[in-house]
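Labels for the chains are A, B, C and D, by order of writing; each one numbers its residues from 1.
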């Protein structure tokens, strides 16, 4: 089958229950189409996403990691996403300093009503990752 | 005990079946470790579907359930109930979303199937690490904290207090009554204020269901509707912290007035005999309206809208109490000249118009003016202003009364922070919805009444107090059960190193510090389970139930394969 | 410049710095102004040096407060000393600027208390690596060290990160011994009294009191030298920090002893995340990893450990360099952590240990910030 | 003193083109025949400056394996524990390690830290390893030096504790590869367990040859080493004996606990000496200081060292990992070997010799150890 050759990235998506997961659902109920690359992990709040999860996923060979939460100010838990943003900023910086591909990580704010935005982010991020190619970590032995 | 996981894929009519090769999914998972049975069904959320699941669980003696169907936001609850009915803990269940986030968004059937397999496998791997959680039920606390002992607070307290509902009324000053106690009379009917307030304060004192704290400030309010923990500080006493629990909070902190020193043009603070409205009210109540030199004024200017421009809103009531001042003066000082300097008159409502006309009959001047400035000329005060016809005029008087804008009290932001509600542009507490939720706020169980929400006259204030009381009485019924979050955080005593990181990032103050053990402790009734502490804890001492490290990690590992 | 102090009270003792500090400490103990002195001390006949807690002044004879060696980060020790509650008695501690900053970071995390401690620090010329203590070559190189300090030069033998350290002036010390670029330290010693605490402490001491300031001009020059060295350090690891293969090259020989974590002053957990069950592979994980990769180093998680530790401590890393000194396989950990640490700290405009009141960036936030990291 | 318990038979294998490749050849064959699903064996890291254990499933990786690495970066027992501590799993694994690593693995099995169900332990005659620091100073050169040393079976450049190792050919696993006493271009394969026998059967290797020459050679070598060991440890004892000498010996210790964390026997998740039990109040520290006028801070270095002896000396295999990892080059391994010999002799116990031998402190004999009792009883 043709699909075999074409590289379909695997992207782990941490979605907060109240905004982004609902947004992703809305994309579905609106029958929007986006690549099957996204593998959603539901968390109650984006602030539950321990940076170590992201590191593990990256080292594990995930082609991309998306963290999506409520827009700043709209967090169901008032301020969780502000901490998420700080932790993400730190992690990104660590990746950059060590020459790791921080562009395989994405932080995006997607509300429950932004089904279209979710589909857009999913599609564009997938395209971006396709350009960067397969994660080079899948076959590393000495991690 | 050996795990027996049942995996059930829902066709959801054509919704999933058309896009996902369900048999392929079943094949892929049926032989996985712990999977006792893997079946499909046309519509699991239907009555028959639920019956089918229940029977299956019993028939195969399943210990864990995985359903591949729609979004958890659709039917997680439904299937958790099925689990309960079938006698397994509802948290030993995981729902894989292969509809909204798979079947419906994927063009290609093979790809959709492949993803559905992944998501189902991940759910199976995750469910292996689930543990039973028990629902907690606590009785809601019917008591109410009322902050502010002015008209608004007093009214709310009296409306709410009853044998099965205790009211805690906290006033930062030494006595109840608030601003109004300074007024001799109230507009528009010029009835003595004491008629309104004296009796009510009396009633409060006599009501054993109302506990009054004067000279006290609220330090902390943590929790949620039906279950707030309150800490107040008494300014005057020694061991001065009092703690109690309530079910709802009413903010009735009233208002302050704009400081005319910020608009030097009006000469306040510079010249004698320039008074603010409140100063004049006090002077009037004291029985003698007089100038610095002890004589009664022959001419008085009342300047409206002081600070309106700076504040950016009309304070609604200044015009009316300014009229009231004119009446005071005319009644007490025969022949006194009174002139109002205004830019627009605000005379709302059915009774104010009459009041305005009555006042004008007392030959009071109303001068529409702009660029009003107060200067001193010899022993007289001179009002310079631009008239409607743009002519520059001046108007000498003995006394000036400034009607400054109404603004929030100084502790408004502090209390907004404590009760985690927001503030509107003017800095007043923000209502949930301008029209549909005028007394409720963004925090369930916290209500705002009176001038704390915006400038208001007394009757409007009473209306709001009664509205808030009504909302509380109808929802916070004594004996009503509330279910606190089950998926809360917990902190391992043996691994916690006491760095308080979790405490700093908890939005609800749900984590306290045990000073003797030097460790953090989660108050599970207050925790809402966001998991921020879990991610922030460096030593893995904090875990979020049902979203533990392992549960998420195993889900991820499967996805990463 | 960040270390610029305005004119402050100071103390001048007309002896060489070592004797001067000892005289100060002696004075403090004998006058009962402190009940203990925490400082480096010779503890064995063959001259091994270790931090010690001294309560009797005659024990000071073996003390070597300014010895250019950091066997343990004193910040970690002061934390241990005050972990169960503030010091019950006044204690003076002579520590290096990065040790003080580490302690302040720990205090922010409730791992210690500054109460009842009097901190004496100095402008720091860096320390020799522990290897030289092993070879017993520190003594031999003492005069060389102090010459360099006087001339404000950077010795090649120094601990790598010391060579590139721009934080050589203490921020929150009660007293600062003025060393860098002072060519008269053989004859006299100037101690700046930065705090009221410090002034109180030395009251009654037989010494010259004056108003003094650090020589900012010279310190500026010194800093630019350090900056050059730092760039060198970073350029040495540049090729190793351009991709994952570089990281694997540099960390490949890691033996997983976690010594870097154990000596790290910022690593204060009871049980390190990376030694907890969370970091163990279960058989199924091994199987899936092997299916994916064909092979896997065992124990696994070398890179994960390093990245993870960076995510935990880089925000507070004070670049004391101990991690590298104790590494049995000589991985330039401290340089990597300094490089990453500085840039992470820059994101939040944060200097670890500069101010005990300043919140650790990850437990606070600004509503309007970091838009650049959002999608 | 090295006893090959199960049978004294083995088989002579041709070492063509050389021992290393012959061994790898056999492992490859075993993987083809699915006798093993994976092999745990040292491999050079990409930078070529060390050797670490790699669990190999993809047979093609075996060619880069190094059965006898010149350094011990990770003690093999740690590797086996990491793979099997949480369960035997479904993979049949061959672990190729040095005798001391296998003995540690056996000790850990007794302590529930390794699960040997699916593991076949394969040991080799060990010439010792280079001190890590020496090796790192020039890996390339070191490797060739090591190869020479192996040829000549000369231990001069090896770690001190290896130079006095009298168990460098001890067979504690299932299969042993003996290079000593073998004719040119051959080596012995010796089975030491039923599992070993079965494995070799599956590989159509029949134990038909005598291994006398290997045993003889091993005997002489271990006797020499034993003499040297007794002497060196005696000298060491006089050097560090007595509290003052002991304190001096550990005076350089910086409490990094590297020795503990690399020790294969120290398996505790949280070491007692890192736990709350050794953290005290400032008051207590000050009181201690006042009683002496001055205390080293942190105190209790000697408590840590002696306490660790108490905890693990009965199982110590003298692998030397601790000494390699000590940033202050304290001769930890030699000191602990010395203690271990004493304590293990006390119970006629040899750590890791035999999985069936219970740990001395979980068993007892009625009429033993009267010498430690008060004679009057």
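Here, a contact is a pair of C-beta atoms (placed from the backbone, for glycine too) under 8 Å apart; a residue touches a chain by one contact, two chains touch by 3 or more.
From a predicted model like this one, the values you see are computed outputs, not experimental measurements.
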item	value
Distance between chain centroids, defined by C-alpha means - chain A, chain C (Å)	38
Inter-chain centre distance, chain B versus chain C - centres from mean C-alpha coordinates, in Å	47
Distance between the centres, which are taken as Cα means, of chain D and chain A, whole angstrom	45
Where chain D touches two or more other chains at once, by residue number	45-46, 52, 54, 61
Of all residues in chain C, the ones touching two or more other chains	84, 248, 252, 270-271, 273, 276, 284, 292-297, 300, 362-363
Residues of chain A engaged with two or more neighbouring chains	51, 56, 61, 79, 83, 87, 141-142
Chain contact topology (line, ring, star, complete or other)	other
Touching chain combinations (by label order)	A-B, A-C, A-D, B-C, C-D
Footprint of chain B on chain A - complex, ascending	1, 3, 8, 10, 12, 17, 21-22, 24-25, 27-29, 31-34, 36, 38-45, 47-51, 53, 56-57, 60-62, 76-80, 83, 87, 119
Chain C residues touching chain B - in the complex, by the definition given at the top	84, 109-111, 268-273, 276, 278, 284-285, 288, 292, 312, 359-360, 362-364
Touching residues (chain side chain B, partner chain A) in the complex	71-74, 97, 99-108, 110-112, 114-115, 118-119, 122, 420, 487, 505, 507-508, 528-532, 534-536, 544, 547, 549, 552-553, 555-557, 559-560
Residues of chain D touching chain C in the complex	38, 40, 43, 45-47, 49-50, 52-58, 60-61, 73-74, 78-79, 82-91, 132-133, 136, 247-248, 251-252, 254-258, 261-262, 269-270, 274-276, 279-283, 285-286, 289-290, 293-298, 324-329
Touching residues on chain C, where the partner in the complex is chain A	241-244, 246-248, 252, 273, 292-297, 300-304, 307-308, 310-311, 314-315, 336, 339-340, 343-344, 347-348, 361-363, 365-367, 369-370, 373-375
